[in-house]
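Worksheet for the structure shown next.
We just call them A, B and C in the order they show up, numbering each chain from 1.
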């Protein structure tokens, strides 16, 4: 037998190429209506196609570079991708180009600088996006995420945890000393996801291919954290999920985007999803789905939930009936906060959680013994309503008894993890009381000693993981992978530690 | 230079669309033979297309909704997807619809209930699937997996481990107390993968869009664990791997399905595969493979193994010669049980491992010091035969010296991990003997104290991981990621703990 | 409503199939120029298509089986995939088949054996690939990777770490004893990635389908580690990244290949990439990219970096301007070695790091207190140049202030992780000094005791992870997942351990 090429049909293929080539040449010759790019944006592109070609090509690929707001408004209501009633006059008849975003509201932007005759700002913000997407920006502003900076930075207790995690420790005379973390390095730690505070600290002259130019010096830059404090005073960064500069809705709908911040042991939502049946279907069959259809049709465009399906997207059935409304206030389908600090609890009323105080006066949504600070949390009626909104998505593919069984289990798992956290907290309290560690009563950082860090892992890693694994039907993850096994082991380790301290005394 | 749209060929594209549209319109007008759906199934669909549209659309997509058993039987032997010789008469000439599964054998199903005039059951079981796939169901029944419920729940020692993992611990007077786990929550823990026991606890009336209806109340529901105890007395759930309701063979052949249960630190087969060359080829090139061809042709349909290639699928070469037979008794290519409890050992003879007793009388396949309970395990001849069956797959792409070198190393790694486990067990035994922990001799749970949990991690996590990493050529995973490093560190930690206890005395 | 098949257009589809089938039949009949396979390679294929069909089909798929070196040389310079000026005469006009690699330089190959009348060698090496790719082989030889075997095996300190990780520990009389690891098992541990030493230990007669044949017995086989010591005296294995036997450039460019060795906690580059925006874009949009274009065009072929974009590939913009040169000396874009041992430090001058000695005489690139062994490391000028080469890639998509901000943070994170390592080292030194562990001063293995292993994790896992997370903008990974949290906790655990030892004395 002789070896024969598998390319036996090459000649026919070449013939087809010649024909197709001719057709395309003809097509290119046909005069077509140019995409209406504004003069200002064209001026940007003319230089930046050389200086930052990756940005320009990304923008060209995107829908914003193809469609004018005016055209976008002509879509039927369910298919509409912008929520403004009347787009800004100057922007309505041109596609959304560089200038439409980077020169919007120049007076509000402290990062506006003179750039080749234009008043350009560096940081595009929800305030800018609101020109066409006001509903989404408004909803997002009611979301915990948009307050992620302040909720962390303006809560003294959470700051203690951040300090104990990111601060420099030194060692001398058998003692360690903890310093405050370098604020400039914080963008590499918690604030990477929570968002930095971006402030303008003057101008800097840089040598560019087009000669010397001035650029603003920004603190906390670069960053696209979900609660970023922007130079125009707004909060958040739409590009956290809607990746620049092509902003494909496909990316926001795929779970990889969420995984950027929801994968670590403190909130392993993506890892849990990955081992769930839902995640398996996405991984195995998702390459056949359509990710950019609006509305998003169950069974036709996709066949199992991604994060967006349950938490954000406008979902319809084959007949166009709405199964779930679009929302950018993701918490409106979440009765409980599963990865809240220390204990799971009803969702907070206000996205600004810095207002919360428990009975002890601590800025926590529960007591140290687990009872919820009810005054600041949604009541059972609101919980039931949110639960119902979520279940509307579930029942599209699952029977009522399936859904009821699932949530009955979650309830038990929430109780179990709270109970196991309470046990760990009791051991912790004993250590504080007996003087083996310094805690709140001593006005000391309650998260900086060895035993305290074991306690932290009980709730921040293991209880959170177990709950998420239950909630998202990826329960295997919550047994041995950062889940029940570790909750159980950690309690024994804590008791063991306490006993040794007492024996050694 | 002016910016030019990349959509230069839009007009030609529109022209093509018009032409294609015409063609499709014509096609739709052509009379075609309807898919023969049974009347009963049609009745289901007529309502459920509204009440659970996701299920109906999934079913429509699948092969079962397209092909009748009669047509399936006409395929040549190697391409046949059903193993029954004569399908049930009523089902032979219709596609496999809702009623064909959910009303099969109603008298055997304790979960059968009256539903709009039909005797419907909720839980479809291997007993139902056997109507068309008897060989697969029979083989699967000889598999360890199908016994996963009893093998865990009816083994007192394994139950101690489950209790120590999932039970609630409380803390009082410097002591912890362990309670039995809530059985209803078990479906969120071990039984999520092992399978729950589904029993009928009466009927419940629910308000539905079509008025009040009665539905059975089931314990352990929902669940699709591999050893589920079903209301018709059968074991297992085909949908664990053959995902409802489209049942694509593509999913069963992709490793994501296996990862649902084989990813945690106790059995990280998927993680090891991921860093192996095999897994890399799948990840990088797998989007070009054909996953639904039967038989599955090496080099044409796929170019590197997934889990299914080595453990389950019917694999042929270009000429149609069989390289590996299809089997649903996955253990028949496995001479050793690598992630057995405590020590690796020859595979058990019976899929029901509850019959096993070691010389000490413990329900374990080895002594606590590692010697195999040979009476219950396959002999060296059977091991050699299984090894040979597995190697048949390897040699299709690897030279004999490659394969021999690989398995010689695995043998050494199995010995090494068993030896490292023995060392940990000796330290554990010393702790038990010296009274620092309470073990089997005191009839105490041997898995519930701090030092015992370290011992458990030695074999359950680290030795298992190291062996899998060796077996599946993802050896990098077994060095620092839950592998040799941790086996080595854990022994030092255990000795360290023991020394401190003795010093503190 | 009646259920209607979604396959309404089946008849038109069948019609199209008939037409297409006819066309293909015609095409197959057209006489075409055969691919010029050498006679020797054809002889190999004639048997191996039966004995190892997977290998033959892989080879047939690849570019090497389609293109002769002569044809490859006719490509324009930027598109050329071979770097030789004049290919070996006998090989120039045939495609690269079995014999072209496996019978090249037979006299240099100690693994050459007589096989059906041919002098064949088992292990294809960089020396063989250099026949057509001399530049790549030469660059790779200057790379740390090509020296990965000796850099590990010929460094006494690193050997101590390998021994402490992979050696068998036994337990007797409250003491553990550490043995040297089995060298044959090393291919399952460190040498899996670093590469084994392949030596010929005689011949073995095997029974094959074609009768008895002799094959060489090789130590360390199979292996494709990056620094493999080959039987022809060369170092490395091109197939580590360029997967046999189709060698698709697509695989080398996808991050999965790198993940085979860069995923564990010691160097989790892939995991960090995965949670970065770059990795997210690849995961979500990468199925639309073109991976086999040479050169590789930013914005057209790909829209975000994979590992190869920043470290290896020839990258151009739309106009064909070179943004980054191709290099197989990956270190030439790396000013710092981030996952060096103990502390991050400037990259070593020589790829052979066994020459390095610090002031203390230890084979380490820094002192135990972190100061770099400058004599052996690149100077600040060379660092600046490498930094500039790397930044050239960044600025194609990011503004100068973005890039500056990013690297300013990395600098801080490098300092922080080095400082946290210093703190851990000080605790370690105190333990050594006070006699609670035996270290370098006692000429003892400094990595084999419990406290020493805690110290190792500080730098090998946690500091490395934190730095990589900073460098590759996947900073979330470096907070709680093996990052800052663990650095911080580990210091407290170490101090805690030391205090307990002192108390118990």
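The rule is simple: a contact is a pair of C-beta atoms (placed from the backbone, for glycine too) under 8 Å apart; a residue touches a chain by one contact, two chains touch by 3 or more.
Computed from a predicted structure; not experimentally measured.
*Asks:* Quick one: compare the interface residues of chain A with those of chain B and tell me same or different, with half as the dividing line.
*Replies:* On the two sides of the chain B and chain A interface, the residue numbers are mostly different, under half being shared.
*Asks:* Taking only the C-alpha atoms, how many degrees of rotation bring chain B onto chain C, rounded to the nearest 5?
*Replies:* The rotation relating chain B to chain C comes to 120 degrees.
*Asks:* Taking the mean of the CA coordinates per chain, how far is chain A from chain B in Å?
*Replies:* About 32 Å separates the centre of chain A from that of chain B.
*Asks:* Which residue numbers or ranges of chain B touch two or more of the other chains?
*Replies:* 49, 61, 287, 500, 504
*Asks:* Quick check: in the complex, which residue numbers of chain B touch chain A?
*Replies:* 1-13, 49, 51-58, 61, 122, 164-172, 174-176, 182, 184-185, 187-190, 192-193, 204, 206, 208, 215-218, 221-222, 224, 243, 246, 248, 250-251, 254, 256-257, 259-261, 263-266, 287, 448-450, 453, 460-461, 500, 504-505
*Asks:* If we count contacts the way the header does, which residues on chain A are in touch with chain B in the complex?
*Replies:* 23-24, 26-28, 30, 32, 34-35, 37, 42, 45-46, 49, 60-61, 66, 274-277, 279-281, 283-285, 287, 298-300, 303, 317-318, 395-402, 405-406, 408-410, 412-413, 416, 419-420, 423, 426-427, 430, 469-470, 474-481, 484-485, 488-489, 491-493, 495-496, 498-500, 502-504
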